[in-house]
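Heads up, the next two complexes both have subunit A, just with different partners, subunit B and then subunit C.
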Partner chain A sequence: MPLATYQTSVPVVVDDAKCIADKGCTVCVDVCPLDVLRISDMTGKAFMAYDECWYCMPCEADCPTGAVTVNIPYLLR
Partner chain B sequence: MSSPFESYDDLDDADERLGAADPAERRVAIIALGHSGDPAAVAHLAKMVADPDAGVRQQVAMALGEFDGPSAAGALVQLLVDPERIVASAAADSLAEFKDPESADAILPLVKHAHAFVRMGALRALKELRRKDTLKPALEALQDPDAAVRVQAIGVIGFLKLEESIPALTALIGDPDAHVRRAAVSALAFSHMKIAAETITRALKDTDWMVREMAAETLGLNVNGAVAADPLIACLADEFWQVRLKAIRSLGRMKVAHAVRPIGHCITHEQANLRKEAAAALGEIAAPDGEPFLVLVADDLDPDVRKNARWALHQIAASTARAGS
Partner chain C sequence: MAMDEIVDGLSEVSCDVLVIGGGTAGPMAALKAKMKNPKANVVLLEKANVKRSGAISMGMDGLNNAVIPGYATPEQYTKEITIANDGIVDQKAVYKYAQSCYGIIEELDSFGIRFLKNENGDYAVKKVHHIGTYVLPMPNGETVKKALYRQLRRARILISNRYMATRLLKSSDGRIAGAVSVNTRTAEILVIKAKAVILCMGAAGRLGLPTSGYMFGTYENAANSGDGYAMAYHAGAALANLECFQINPLIKDYNGPACAYVAGPFGAYTANNEDRRFIECDYWSGQMMLEFYNELLSGKGPVFLQLKHLHDKTIEEIEHTLHKVERPTRGLFQEGRGVDYRKESIEMHISEIGFCSGHSASGVFVDDNARTTVPGLYAAGDMASVPHNYMLGAFTNGSFAGLDAMEFADSHDFGEIDAGEIALERERVMAPTKREDGIPPNQIEYKTRRLVNDYLQPPKVTRKYELGMRRLAEVREDMQECMIARNAHELLRALEVQSIMDCADMAAHASLFREESRWGLYHWRTDFPEKDNENWFCHTLLSKQDGRMTSEKREVQPYVVPIADDEKDLYDKQRIRASA
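Our next item is the complex of A and B:
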């Protein structure tokens, strides 16, 4: 899978201000069927490590703080 | 994959985190307790229903949804009356997942709560518990001034499937709210009483198309629905194709032989869903006079229509062969 180089251009965007991964939450990482989300060693927040997404949405739906947004491409909506 | 949740050795470990000053840490501990699946976690979660942070209380409501039974229901009813809507909504969603009839004892008092949202949430939760003593409060709730509460009360009655509730349900056909009328029509599906089928048939002429659509569908499921064959055929001229579609489905399910021609005339409609349903219904009826209509869509642009048409033609051929042998 291609590495996600620029976080702003990937489908799954995490709002660092809302993310509580640094407190021990791993919900989005656990529910992702493609295992593309990671917790950053530097910020302690979740991010999309690999630019691959099925747009299945549990990461957004299950995030306890509403920090995850999945940007679905227009043609898939 | 390693998970920080796995670092919780036991419930006491998570319980310790529930006292953290940071609300985010408390939330994570609550998620861990919910994921544990251990019924002993309910007592720990119940202690958090009065947390000062609304997000934490919302998380407690969601975590309690992983469990079932009177203890979890007791904690959730406290959250259902929470002044914060996000908390109350999460509690209502979690309670709706409960299946243990014992949970009803904690929920029943809220059916008479001052706030409509709470009454609605309580009735929604009682629906799948299917306890006979919930019938009386549900019947009383049919007089509720809030239409959404009346809809949930119909749900409770519909799930109980008791013939004694039929008079109350048939009376709702005159309710001013279309959602209530639609729910009442749907709840009458199970009844063996003739008055139920007659009431559903009357609903085919409702002013709201969604009520008519539900009536057309429900008649196909009701044991006495066949008495409404002609009113259903009349529905094939309804201004809404959605109503026609359900009428066609019901006529096919009932195998109404004299409906072949009216159904056949719908088979060239611009809506592919309607063509598909018409082809399927003609196959269900399997009368030879349906064949000329099916030939019209044998090469339809929609593959589902073609598939149903071929299946229907096969059904007619098989039926004709059986009759000849």
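Our next item is the complex of A and C:
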């Protein structure tokens, strides 16, 4: 069976200007209980790769530069 | 190599005590085991990262079951929990917890975790339960995980993050011998040999589907997919009272606690659309949930948590806790909806079903030393059967598990492991990565959990259950034959959905076995609407025997604390009677 790509707007937003993942920081990727954050090969910045969020906050709370914002997922907003 | 790319590899390590799950019970179990024998190797395996894993990822707003001298006695607490669970309790474990938890509170205090104290320096305990006083607020409860992590590092516990355990290994004499795990970012297999294993893998929180339709918008940490229940089952351990589901009163759509335990002691209460109270007590029992459910359907719903009558300063204090600890995005959610607690009540709803002894009475069957029915295998926290555990229960029972497991490890050598068993498990784990084409795990999971809602959610109807089990069996076949995982992260989800499916089967099987109604909404069978103490005043134990799911009765052990006849039904009288 062929697979389609399913579009969703993701709750975790990263401010590229503040994110220092390109300098080696991986804090948000490390702490996420659902392991949904990754560092982009293209930009070197963190982003939400999988829309599987518990809107729990460690990524935002532990980010050393305040680059991460957790929003409430659209379906339950 | 890019993260999530699949690596086909296998390595082996060994340790004395293996603790699986680094949330609440796990870190305490690991610490206690290591303190008992500092020379031994203790490994703490965690699917996520111990720094922020489990139900208390962002801390906790209070202890819900603190038995503190001067406020409550172990006898009184044991009595309350027995009554709240319709009598189906082995009191020995509850009583031991009640006697020991104060010591654990003091230990946590020494770790730097702060509890609310009054001006005299005494713990400021609040009343939420029906009878006794056990709720201790934690205004600085966001520091719990950090404090635990410091202790783990100091004790030199070996932490392995991002490894998901998949199956337990036993030696030919039936004793525990270790576990198979898989790296969630590379799919490499790690076999861990151990003399004793402690399961602290949390609730089965991804069993039902939240009404929002967002699969990860669960009450429990969504990483808690019931892997511990599935692993214990496949290892032949008994699981108790799984028909006693967990269903909670939560903020509608947000699906987190509102939280009556925090706000109740300040004067907040649960009300209907006429702003009237309809339940006597906000403590989460099945009986209370049944009244909640009835009110929602009665035309007097929605149900609300009412705060607007409180003083502005009081609301500020409640907000300070609710929006900072446990589920801090509660504030963001209410802000988005334009809800100000001063003007508007909080709309509540009931959650999807799950398994969790934190709030109910189900779980992997354990005795007062946290021993399961498999020698050398222990369980603690939300997945073990000590009822109404909550966070303090996880810490306290985790501590019992750690101590006893190290004693077991000190007196046993490694069990033998059959290489063929490891090879078979490796094949099972990797199967979804070997297919070119098929159904992704998110679709298998959505369908499974949608069927759980449609057919297994109370009220439980035998005919619906039979149909539900047929539908689930069809999805299981798809899962086993057609599920695909295209990277290591998808493989993690593919393994989790297998745990979810096992839990759904166990929920259905256990529910059909108990032919009566008990625990209010948690086990309300329309075909057997009455409580039947003559035939069903017993535990039910579910286990895998000769490859098949089997249930049997087990006697409730003689009470340590007697319950008078006129006390037995105190929790049945939850509805406020209309005054004349």
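Things to note:
Definition applied: the second predicted complex is superposed on the first by the 64 of 77 C-alpha atoms of A that agree within 3 Å, B and C clash if a C-alpha of one lies under 4 Å from a C-alpha of the other, contacts with A are read in each partner's own complex, and residues count from 1 in each chain.
Just so it is clear, a contact is a pair of C-beta atoms (placed from the backbone, for glycine too) under 8 Å apart; a residue touches a chain by one contact, two chains touch by 3 or more.
Keep in mind the model is a prediction, meaning the values are calculated, not measured.
Once the two complexes are laid over each other on the shared chain, residue contacts for A:L76 go to subunit C alone; subunit B is not touched.
Of the two partner chains placed by superposition, only subunit C is touched by A:W54; subunit B is not. By the touch criterion defined above, A:P64 lies against subunit B but remains apart from subunit C after alignment on the C-alpha atoms of chain A. Comparing subunit B with subunit C, the partner in contact with more residues of subunit A is C.
In the overlay built on the shared chain, the residue A:D41 is in contact with subunit C alone; subunit B does not reach it.
In the superposed model, A:D30 makes contact with both subunit B and subunit C. Residues 30, 35 of subunit A contact both subunit B in one complex and subunit C in the other.
Listed in rising order, the residues of subunit C touching subunit A in the complex are 2-4, 48-49, 51-54, 57-58, 161-162, 184-185, 210, 212-218, 221-223, 253-255, 327-329, 332-333, 336-337, 437-440, 489, 492-493. The touching residues of subunit B, counted against subunit A in their complex, run 1, 3-5, 7, 22, 24-25, 27-28, 31-32, 55, 59, 62. Chain contact summary for the complex, subunit A toward subunit B: residues 20, 23-27, 29-30, 35, 64-65.
If you check the complex, the residues on subunit A that touch subunit C are 1, 3, 30-35, 38-39, 41, 49-50, 52-58, 61-62, 70-73, 75-77.
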